Amino acid sequence: MTGTFRQEKISKIKVGVLGSTGIVGQQFVRMLNGHPWFETAALAASPAAAGRRYGDAVDWMLSGGCPSPAGRILLCRPTGSDLRRSGVHVVFSALPASVAGEMEEDLSGSGFRVFTNAGAFRMHPGVPVVIPEVNPDHLGLISGRESGEGFIVANANCSTTGLVLALKPLEGFGIRSLQVATFQALSGAGRSGLPALRAFDNVIPLIPGEEEKMSRETNRILGRREGGSITPADIEITATCCRVPVRDGHLEAVTAELEGDVDLSRIKRAFHDYKALPQRLRLPSAPRRPLIIRGESDRPQPALDRLAGTPRSARGMAVSIGRLSLRGRRLRFVLLVHNTIRGAAGTSLLNAEMAAARGLLDEGPSEGFRKEEPCGS
Amino acid sequence: MTGTFRQEKISKIKVGVLGSTGIVGQQFVRMLNGHPWFETAALAASPAAAGRRYGDAVDWMLSGGCPSPAGRILLCRPTGSDLRRSGVHVVFSALPASVAGEMEEDLSGSGFRVFTNAGAFRMHPGVPVVIPEVNPDHLGLISGRESGEGFIVANANCSTTGLVLALKPLEGFGIRSLQVATFQALSGAGRSGLPALRAFDNVIPLIPGEEEKMSRETNRILGRREGGSITPADIEITATCCRVPVRDGHLEAVTAELEGDVDLSRIKRAFHDYKALPQRLRLPSAPRRPLIIRGESDRPQPALDRLAGTPRSARGMAVSIGRLSLRGRRLRFVLLVHNTIRGAAGTSLLNAEMAAARGLLDEGPSEGFRKEEPCGS
Amino acid sequence: MTGTFRQEKISKIKVGVLGSTGIVGQQFVRMLNGHPWFETAALAASPAAAGRRYGDAVDWMLSGGCPSPAGRILLCRPTGSDLRRSGVHVVFSALPASVAGEMEEDLSGSGFRVFTNAGAFRMHPGVPVVIPEVNPDHLGLISGRESGEGFIVANANCSTTGLVLALKPLEGFGIRSLQVATFQALSGAGRSGLPALRAFDNVIPLIPGEEEKMSRETNRILGRREGGSITPADIEITATCCRVPVRDGHLEAVTAELEGDVDLSRIKRAFHDYKALPQRLRLPSAPRRPLIIRGESDRPQPALDRLAGTPRSARGMAVSIGRLSLRGRRLRFVLLVHNTIRGAAGTSLLNAEMAAARGLLDEGPSEGFRKEEPCGS
Amino acid sequence: MTGTFRQEKISKIKVGVLGSTGIVGQQFVRMLNGHPWFETAALAASPAAAGRRYGDAVDWMLSGGCPSPAGRILLCRPTGSDLRRSGVHVVFSALPASVAGEMEEDLSGSGFRVFTNAGAFRMHPGVPVVIPEVNPDHLGLISGRESGEGFIVANANCSTTGLVLALKPLEGFGIRSLQVATFQALSGAGRSGLPALRAFDNVIPLIPGEEEKMSRETNRILGRREGGSITPADIEITATCCRVPVRDGHLEAVTAELEGDVDLSRIKRAFHDYKALPQRLRLPSAPRRPLIIRGESDRPQPALDRLAGTPRSARGMAVSIGRLSLRGRRLRFVLLVHNTIRGAAGTSLLNAEMAAARGLLDEGPSEGFRKEEPCGS
């Protein structure tokens, strides 16, 4: 079926990126470069930058340099009219929290399909927070919409994404409570989020809002969808989220209290064998294995494992797990997730790939929508 | 009483440092410089270095430079005869694990009072592991010895010391189990323990043996002494110990399950009011408050708080605690301990100060001991 | 004479600090704490913060914590009326460049003695840029003023200060040209000057304006004063100024072309023997030796040597020099200067101490000045 | 011609790597993975490790993980018999200096073609030190050998390689003298060359032997070959080599005194237009442009530019140049070279590609050689 889907793709779907100059925006641009299904047609930034070449305006921070085709694109404003002028009706949003809410609502309201990394709507009943390997059925929240109507699909925050991917295969064993301590990378604070003197030779034991998000979003994603609503899971989560002087890659030390007795080999197997819809659909950004079990006693490590994931198009999309031990019903492990790839742009992109594979992006915006704001306005 | 003790100190007690050129050895040298009760009379290193000036042989790594008086001392061998020749019968040991066991046993066997930071004897029934604020009564394990007999007093490993200091005031609330994730500094791995490329831009989620030590030593120190033996406490501890790129200061994220209901204000008060024997005796290296509660939401931080402790002679001797929260019976907090001061040399020194204040260092070695290996041999 | 001066100091001189919450402001606060001649009477910050306790408002970043007495001071506005209300007519300025010019001019115009670390007036003909060990005679630029008139005395920028201190003893050998590469610390960019992601695992080969300053200020400070004007030296300086991931301490690799033949031992002696007015006057913040020659082949190093300087009140005030070699007339050496102490607050303070010792701070502001802007306005 | 050469390559040349588990060894393994001309047939390490799978024995430190095919190879001893058993007669050497001399001499003496990164023979009259873009004619030193005879081709040390690549296009302007300060990365010190505590928050202003190498090797590589000997250039070089806390990428601040007048635009053009033999031959690891001029005022930076070089197979093979300025005849610029790619394994590989393209690797070892030590011994 995947093959069929691919062969039908005669022309690529034109997409835009909002907030394209930030760290997550740059990951979107990097991952969309040469993408088999999507074509980067619009890059939006703050209105002040509109009209400049992306390559000139961006303060590129990822290794390997800004992809040349993207570098030549002229920045547009993050408005419906500008995006539509570029032929775009699918957008990825890496907007800062302060503006994401209003802009994304406007865009989805006028027919755009928005895949957002921003947190504004993660608790909104009409917006699914999706990790394709975990809760693809939550996309059902938007399936009832009329043809041509826009929608918003959110991904979870970075540390939550890693955690939930590791929890999913454990669901069958019953998870009563979780204690999590995170070692979060600098890039999670954004391009200029943290002054060097603060971060250097230091651990900062607070990431505002993060602990609440981990608890709330984890339970929502692991929740059960019944029709158009989600009943959240009720795992008690105690998280302590800390910033450490590491460029990329969030490491998390997790202790989980399970509900019943189980032996460690079954847990290892559950992690190792875990595959889900994106793997079956062979989505372009899906890692062959979403979870990689490290047998070495001192792994995963950010410097070595943050780019885990094969094939090359899925680098940074696999979560690494190590230091598994079980005492009674208390399971301890350490996980590592690349915070701006799997924890942000990558999952958003995977969400869009899954939506495309399911035909949710095929149709153009509805007539009504088109009339409302004519091309060329 | 303290005053009395001090006034009697007409001459200082001559002390030696074993393993004096390592990081912990350097902290001993630094803290002993200008000490009101102790005089550094011997600095020992590997036999190959014996005879060189300490200042020339040491690769000094602490800020502020090697103290001049210590720098002029000629290194001796870590043997009883060399130490005795310098008039020393009290030694601080910062020996590497590989040689500590045999050397310390030999020295204590021939009458030396050994205050050791090494782990060799921490589980030995005749060796108390003491944190003066927590279990000074464990010194009782050595009090039965005959006059002139040597002994070994150990301090706990670095991360355990911070943890136990924070747990002591909680004892009254009943601690059922603990989940701890540690963010441990580079200096804990020793002067050349960790290659730069391993540590840089990385978190290493394994510190060999550390998790077992935290569990074992914590329960021993919090154990009850009955005569000459210790009945350990039985707190279930799940620790995940990680190395982070920070020079000094171990941060620990702790979740404790308490036995009964309690409100947070009582816990805060217990931390804040906590004072113990070293404070009452006004030992020279005792911090006025062993625990410092930080009210800010993002503290403690290694870069800002690792040197906590007043007066100046107790810098780095206080443990900082922050991020206190309580949900049901689950208490969460973050603590910070300076690993080579309070977590190593400083507690060893405080142990010796307490032993001195109790008269355990006053007497010289016994006649028998003196005859055995005559001065000048 | 020094002694005499000190004995006369029955009451301390009340001083204020402008821009007191930044990194350099904090160094001023730290160094003024317990100062034998000066008393911190006013701490100014942006008007928005006025009225808050310094200890609550400051984001303290130096190890050891904010000094308690300073912490209790209520912040005032950086205006003449506020400062005067605190009885202050001597101020230290750590103002950001953007506002320093206007404020400092206003204050000096209305009678304040301003010792500034800001760059605004470093090329102003009426403002001496002084390093007390190098060009104390440049203070003459302000000596002609009428009694009660204010003035501005600047110190040089951080990397220049280290360089000029090392060049002064070489003046006798004739310096034709200089090539300098700097390895500058993060704290030089201010409290939030550099985002962590920029600084981390990186070298940034540009510090805007720094190379020009090094050339211009070096020649001005080494220039000859004739009456009220300075004839700058004309050393050709090629500087490449880079930021490296080090917290404190600017290291500089210097190659100097000398005018005549000389042997290395004479140069070493010139460095080693170098003492100047502050040492003779025994100013409180003067290091016993302003230059410390390191004989080891791999020194100075920021981590080990940035706090060089004795006595304790002069920690960080000595410049360390190493790796001296001479080939023909080309002299190569490496120097290290603590950028926020000797390179900023410390030299400013030393300037004020020298001015005090010379009686330039004794007199109160003139009557005219007082009338102009009455107390209580 | 290149095309012809490629089409003839029906089977790949089997190659081995000596010292394959170190950092440079790992770069060889990484760059040889999927190489169009060479096939990794033998990986040698210390005899103790022989027989273990490379993937199990190596402490892999490069991002992206150990290539699977290499991971499956069983380590052999670095001896002629072991290598020959694998069908190898071309070897890349990343041997540590202490053993490189003897081993490489033995191997070349018994017919192996050795491309070495070790420094043992860089000043040996019969061993060319080659950077393919700079002095391919120096390969002439080995062309006179008999068929089947072995040889050694060295590449220069890491910081020299970057410098010489930047100097080559300047040769025409006449270079009288150079002042260089280097900011060298941690990986240059090897996998465990530098303890973390030494490197962290520090600059170490000494890299033993490096300054002499820069001077000696630069002049040798820029020297003129006449028959079988090289007359070195005689540029006076004053280098100050420092280690900074950066993972990869050596940055160098260079001041060059030119012999005649020139304008900056000509120099820029010379840099920009520079292409040489590897580019013309389109060697697989040759970057399209060996020098990349950065127009931004704050580039190159290690974090952003160390992987410069297109196509993908040449990532890290281009040297970036920025901050160009000229005052009189004094040219200043900053360059950046990836020390373990272009500065080590990459140039060695490029040397082998050039040798292959010239037919120097085609012939098997001579009969005599084969007889001497029969296969299967």
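Going by the order they are written in, the chains are A, B, C and D; count residues from 1 in each one.
To be clear about the criterion, a residue touches a chain if its C-beta (ideal position, glycine included) is under 8 Å from a C-beta of that chain, and two chains touch if they have at least 3 such contacts.
No experiment lies behind these values; they were computed from the predicted model shown.
Enquirer: Look at the interfaces A-B and A-C and say which one is made up of more C-beta pairs in contact.
Expert: When A-C is set beside A-B, the one with more contacts is A-B.
Enquirer: Which chain has its C-alpha centroid farthest away from the centroid of chain B?
Expert: Farthest from chain B by mean C-alpha position: D.
Enquirer: Provide the C-alpha centroid distance between chain B and chain C, rounded to the nearest whole angstrom.
Expert: 40
Enquirer: As a quick test, compute the distance in whole Å between the mean CA positions of chain A and chain B.
Expert: 46
Enquirer: From the C-alpha centre of chain A to that of chain C, how far is it in Å?
Expert: Chain A and chain C have C-alpha centres separated by 49 Å.
Enquirer: Enumerate the residues of chain D that touch no fewer than two other chains.
Expert: As it turns out, chain D has residues touching two or more other chains at 61, 198, 200-201, 245, 247, 303-304.
Enquirer: Please output the residues of chain C touching chain B within their complex, sorted ascending.
Expert: The contact residues of chain C facing chain B are 60-61, 63-65, 200-201, 303-304, 306-308, 315.
Enquirer: Name, in rising order, each residue of chain D that touches chain C in their complex.
Expert: Touch list, chain D to chain C: 179, 181, 183, 198, 200-206, 236, 238, 240, 242, 244-247, 251, 253, 255, 297-304, 322-323, 327, 330, 332, 334.
Enquirer: Quick check on the complex: what are the chain B residues that touch chain D?
Expert: Touch residues, chain B against chain D: 23, 61, 186-187, 189, 191-201, 245, 247.
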